[in-house]
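All remarks here apply to the structure that follows.
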Amino acid sequence: MDDRGLMLQVDDIHTYYGESYVLQGISLGVPSGTVMAVLGRNGMGKTTLIRSIIGFTKPRAGRIIFEGRDITPLRSHQIVSLGIALVPQGRRIFPSLTVRENLTLGEKPPGANGRGEAWNLDLVLDLFPRLKERLSNTGNKLSGGEQQMLAFARALMTNPRLLLLDEPTEGLAPLLVRALGDILLKLKERKLSILLVEQNLKFALQFSNHVHILNRGRVVHSSSPEALDKNHEVKARFLGV
Amino acid sequence: PRGDAAEKGPIRIGLLTSKTGVLAIHGTHQMAAVEAFKDKYGTTVAGRKVEFYPEDDQSKVPLGVTKVRKLITGDKVHIVMGGLFASTGYAIAPLGDQYQTPIFVWSCPDDLSQRKRYKFVVKYFSCSQPQHAMAHWLRKNKPQVKKVIIFGPDYAFGYESSGGFQKVFEDMGGQVVQKIYAPINTVDYGPYIGQFRKDAEGMFVTLAGPQALRFPKQYQQAGLRDKYVLVGNGTNTDEFALAAQGEDVLGWITAHIYGGAAYPSQDNQEFVRNFKKHLGNKDPGYYAEGYYGALVLIYKAIEAIKGDVENKAKFMEALGRTKVTEGMPGGPKVSDGYGNLNTNVYIRDVRKEASGKLYHHVLHVYENVSQFWSYRPEEFLKQAVYDKDFPPCKFCK
Amino acid sequence: MAVIFARRVLCLFRGTAMNYWLTQLFNGFSYGALIFLLAMGLSLIFGVMQVINVTHGTYFLVGTYIGLSILTWTGNFYLAILGGGLVIALVGIFIERFFLRRLRGNDLGQVLITFGFVLLLQDAILLIWGPDPKLMGEPKSISFTAHIGSFTFPSYRLFVIVVAAAVAAGLWLFENKTKFGSAVRAAVDDVEMASGMGVNVPLVFTVVFGLGSFLAGLGGVLSGPWLGLQYGLDLEILPYAFVVVIVGGMGSLKGAILASLLVGLVDNFGKGFFPDLAYFTLFLPMAVILAVRPQGLFGRTL
Amino acid sequence: MTPAEVSLAVESVSKNFGGLAAVKEVSLRVERGERRGILGPNGAGKTTLFNLIAGDLKPSAGKILLHGQDITHMPNHQRAYLGMARTFQITNLFPNMTVIDNLLLAAQALDRAKFSMFRPIQSHEHIVARAERALEQIKMGDLRDIPIKHLSYGVQRQIEVALALVEEPKVLLLDEPTAGLSPAESAEMVGLLKELDPGITILIIEHDMDVAFELTDRLTVMHEGSILADGPKDEVRNNQTVQEIYLGYG
Amino acid sequence: MIFELLRGRGRVAVAVAALVFFAVYPWFASRFMITVLVQCLIMAILAMSLDLMVGYTGMASLGHAAYFGSGAYAAAIVSVTYKASFPEALAVGLIVAVAVTAVFALVALRATGVYFLMITFALAMLIWGLAYRWNSMTGGENGIAGVQRPSFIAGTTTFYYFVLAIAAAVFVFFGVLVRSSFGRTLVGIRESESRMRTLGYNVWLHKYIVFLISGLFSGLAGVLWVFYDSLVAPPLVDLSTSFDALLMVSVGGGGTLVGAVLGAVIVKMLENLVNLVTDRWLTVVALVYITVVLLAPQGIIGLLRDLMARREMNRAALEVAGRANASAGKEGSK
């Protein structure tokens, strides 16, 4: 943890896809035990931000610091082993693995900072009983929402200290969206830090401690969720609502 | 009229062989034989320089054709010599007539000097030629072997070798009771060995290339060593494989146009000495001897026409009436007028020196053997070429 | 054809028929065991990494030569088996690490480059060991001809069966007692996401490739005293391995075992009953199986 | 007014995956020009039902009629000729082709021109015109020549819908058309769909209630493979069970 | 595809240069080099037909030796055994090749991806098995020798021009085909079959048609080969021929047609010429393949395309990407 109590610190990163310049200098921090929401319209670079943190697309400049350690040069699997987990956009379930294999693939005991009870197969399945019924199905034979649950559950199984969520409510039925919100609150209690990318504004405002808005690869607004909710100009300008 | 040899430039001889692929070993032996040949006969003949153009057919018949075409059209050779498979011989022979270029087929496709003769093709021997003698020897020396199984590779070379054996063997009262042909690239012989009839006393075996290595071992492992009297083609225990074959082939009897590296004739010993210098002290076998011998014959023919190889008809004619009595490791060769040579046939068995090294011991030499054996050529040519079903297997049930 | 078949079978049932069947069954089994060692590695590399590793047959052959060299130096056959396997594992790892890895996802490129290595290794054989065929002796303890009643069989083939069974058991444990299997398949499904789940993808691929190559090398050495060492054997034996992988289903252990035995037996009995159709009898059942189950007997449907 | 014409009829259709009955005896009648919402918890069988209607799966039992014609056993490409189009929940585009090429492929799908082996697509003017129109509809003119795989997820979702629209279908199946879209883009999508020819029959799977209520007239709620409720949207919204198992205001 | 980069005059210039080169080649090449180029051209036809499947439609076949070989064998059998004329042999060769394709395609099209690759391999081995063992028909290991060219193409140079004309026609035909609506459809199938199906394409039918076209032209290559070489034997239909064809496509670059031609020329030239220079030709050829793959994983044409694209479109790319960002955002209150 660094001196400001930040679990994750993104420090002026610039990310490109080939020639196209997508993240044009982004800085933000995620304090321990908070949910940090990142909002923005389609194609603004939210996913790219997540990809940069997890190491899929390395920034060309800037640093990413996790618990005081510079993880920018590390490879994805090393970054993950430090206690970061990802729920990617579009779910990216392993189609040829069964639900059980998907879940146990990255299974890890909680690290030194782990608090409370560790997640394991039983606990995760209690959270998503739907998955229990489909344990031996392969990943490609799940409904969209089931895949989304699996992606989330799969990330929990690694007992991370930082969770990167890229549109985790996409495709979930309303009841489940609420359930997911409750889970986020529980995780927060356990001092888990969460970086949440969302299109569901209501959800993001309800469950986050702080919000950033991304526009064309830059952070254009940053405030508490309540403040954003009241700021109709910013909402209209950058979110289109 | 201006017979000035130097002006015409060198004589170019194309050499077709297999330096890569399954038969690569034969290529190395043959190239060493060429070196040995140069040591003895030099690279000038009838006052003209000789250039050799070796080509690798990668052990593939169709590629051999391509390579011969390349030798003739690209390198403009005066004569092509080579072809490892009997099939290669059949495939390249038409090119001789097509391009009006002499081809000396080093291998043994029977029909090229029998029913399917080409104007521009001569060859070294016929596949069946030594095996007629083998059958004769077996009947004469081991009359108790009456029922015999034939086992060979499934293509011309196999059919012709064993056909020759069967013809003479049955004409002399023997019986071939089973004929099995296996593809040349068979890896596991288990399925074939399992079928051998138990009521036979002997086996006639022809093995080509890699078969010579795998079959004896697997035959031995199946515990058949002492079950049958085994005779066969000289290729079974050719020197190229002999060291690797080890005790598995001890006592095997084979017939071939070469007596083996240990055969004590002066010509042979000189050849063996020269050869060893070029191939890490290894013994030459028939594959090397044949290549060497064929080159000797080609030189003789060139000398006979005073180097005028540009006159192709004359050259062909000279090749067609060669008679060489000296310098041949395999003994005298005389053209038979059908594009083939009468030759010695050696009946050898495999023995072990005190040092443990295996060698061929010659049991008997049949001299001046014709491809028609003792049959009259006109009669002989009326029958079909030896084939999978000819002679028919009268005694197979 | 059916008539010929019936006649042959009848004929075989007379006289020494029982013996014949036993011998052929045993032959088929043992040859299947040898093919299994070759094909299992190919199946792993193929099914798991989706790399069509044409070099596999050549690994097998180079393994034999290395085994022979080790045998000549040390005189220990068992050391040769292990050593041949290990050296080939290293060769495989080297090729994966520095060449195949750069081409992930480019199927054709991978095929091409593995073909390049076929030629390279073949030339290496010519350079190092020369084109002479060689034979490898097996230890006396396993080189007798065993008799049970009137049924005889070479003990060496029995030894090969035992080794193949041990390898199969080992692989089964490896697959079922570790999470390795699913890590590998995950990496094949989605390299990026697998590393995002903490899978060290490069390591996983290296291990799979190493293991597959190891099996080829080991099988190669084992084949020495049986098939001999013959330049060119690699491409002759590769189709058998392909058939096993196709029929069994790519990446499936169960499939490889079953298909190897099937190939061994079909090859044996096919050559016995229809010597003229030797290859047809091998490839026809394969085509039929594929027409019905394109993914092979135990392949995963996707 | 003539009695409303039935555009799509599903008659006690079932689909089993091994032991699982993903769709159980579902019957539906959708009238021409109707906007029908399909709701239900995750895994209720909505996408499976779409797959059955579109022909990506064959039903284990039951019958499907399109404009009165039995299409139960018709391959899906033929259904397209009868005017059926769909979008996929999990984006399914031609990733290495540009946006316009994607649209062109859709535009020629029902045209005889697709078998033309000697004329390039671009030379068939009516096809090009159709594709360009669709491009305008989703307002992506400037993304025309960008390969799909270089676009963000949300943009790809929009093209997913555009591809189905190019064919000017009579029956349109939309599987979560606004999933992954930002509120702004989502609103645009709703606008676009509302402007479609009222003669088009549309079935929409949606988890976004606002979108569902805005776009549809009637709702069908599925649960564990069966239809739980079916009726005008307000009626369904107030249905006690629907609230409990789906919406979660209990 | 490379032609698409060279617009207008550039494209014409390249085409004319190629044509002139091929036309005058026999004037300065030896007879041997002419026959080598004949080989290249025949193989280019095979490679192009394979490219249509592999590069455009995404159906990687490891069994094209079967269609090539059945055309070759059929032509050889009727012309040697039944003394048929050249047109007859050509017709029979093509018919047999298409017939074999029509049957095999039914089986092979049940699978996709690697499975497809393996099934085509298995089916091709069947044809090889027949060629190798059906002695009475195919001559077994010996093959069939002595196929004669008719007098009008008997000479090396006339035969060269004959093959050149055919290869050029095939190139033009395929070039038009892949740019046509039908060709685009094939690429769509490569990219997503299920989407094509829902759009209203009969994917199976398209694949079947492509397979037949590919089989037909592979058969044509086979027939030409027989008349070039006057011999067919089992190695012509074994795995290595299928493999060679794939090599050609990937060396040149799949999905480009020109790549297939270039690949055929490179592979055949290497096979024919390297061993004239060195005994270590295996190593040389291997190194060439390995280097090509490493430096140009999408084939040589792919590499050229990348280089050109980078040079010419460097600035443009940046611009486009910028615009993409902007429009994807469709910022503000538009």
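Each chain carries a letter (A, B, C, D and E) given by its place in the written order, and its residues are counted from 1.
What we mean here is this: a contact is a pair of C-beta atoms (placed from the backbone, for glycine too) under 8 Å apart; a residue touches a chain by one contact, two chains touch by 3 or more.
As the structure is a prediction and not an experimental result, all values here were calculated from the model.
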Q) Higher C-beta contact count, A-D or A-C? A) A-D
Q | Furthest chain, CA centroid comparison against chain A | A | B
Q: Averaging each chain's C-alpha atoms to get its centre, pick out the one most distant from chain D.
A: B
Q | Cα-centroid distance, chain A relative to chain B, in whole angstrom | A | 77
Q: Could you give the separation in Å between the centres of chain B and chain C, each centre being the mean of its C-alpha atoms?
A: 35
Q: Measure off the straight-line distance from the CA centroid of chain B to the CA centroid of chain E, and report it in whole Å.
A: 40
Q: Could you give the separation in Å between the centres of chain C and chain D, each centre being the mean of its C-alpha atoms?
A: 49
**Q.** Touching two or more other chains - residues of chain B
**A.** 20, 183
Q. What positions in chain D touch 2 or more of the other chains?
A. 150-152, 154-155, 184
Q: Send over the residues of chain A in touch with two or more other chains.
A: 17, 20, 41-44
Q) What part of chain C is in contact with chain E in the complex they form? A) 46, 50, 52, 54, 99, 102-103, 106-109, 111-113, 115-120, 122-123, 126, 235, 238-239, 242-243, 245-246, 250, 276-280, 282-284, 286-287, 290-291, 294-296, 299
Q. What part of chain C is in contact with chain B in the complex they form?
A. 11, 15-16, 20, 23-24, 27-28, 30-31, 34, 122, 126, 130-135, 137, 143, 145, 152, 154, 156-157, 225-233, 236-237, 240, 267-272, 275, 278-279
Q. In the complex formed with chain E, which residues of chain D make contact?
A. 54-56, 75-78, 80-81, 85-86, 88, 92-97, 101, 104-106, 108-110, 113-121, 124, 139-140, 142-143, 145-146, 150-152, 154-155, 163, 167, 184
Q: Over in the complex, which chain A residues touch chain C? Could you list them?
A: 54-56, 75-77, 80-81, 86, 88, 92, 94-97, 101-102, 104-108, 138-140, 154, 158
Q | Interfacial residue positions of chain D with respect to chain A in the complex | A | 17, 39-44, 46-48, 89-91, 150-155, 157-158, 176, 179-187, 207, 209, 245-248
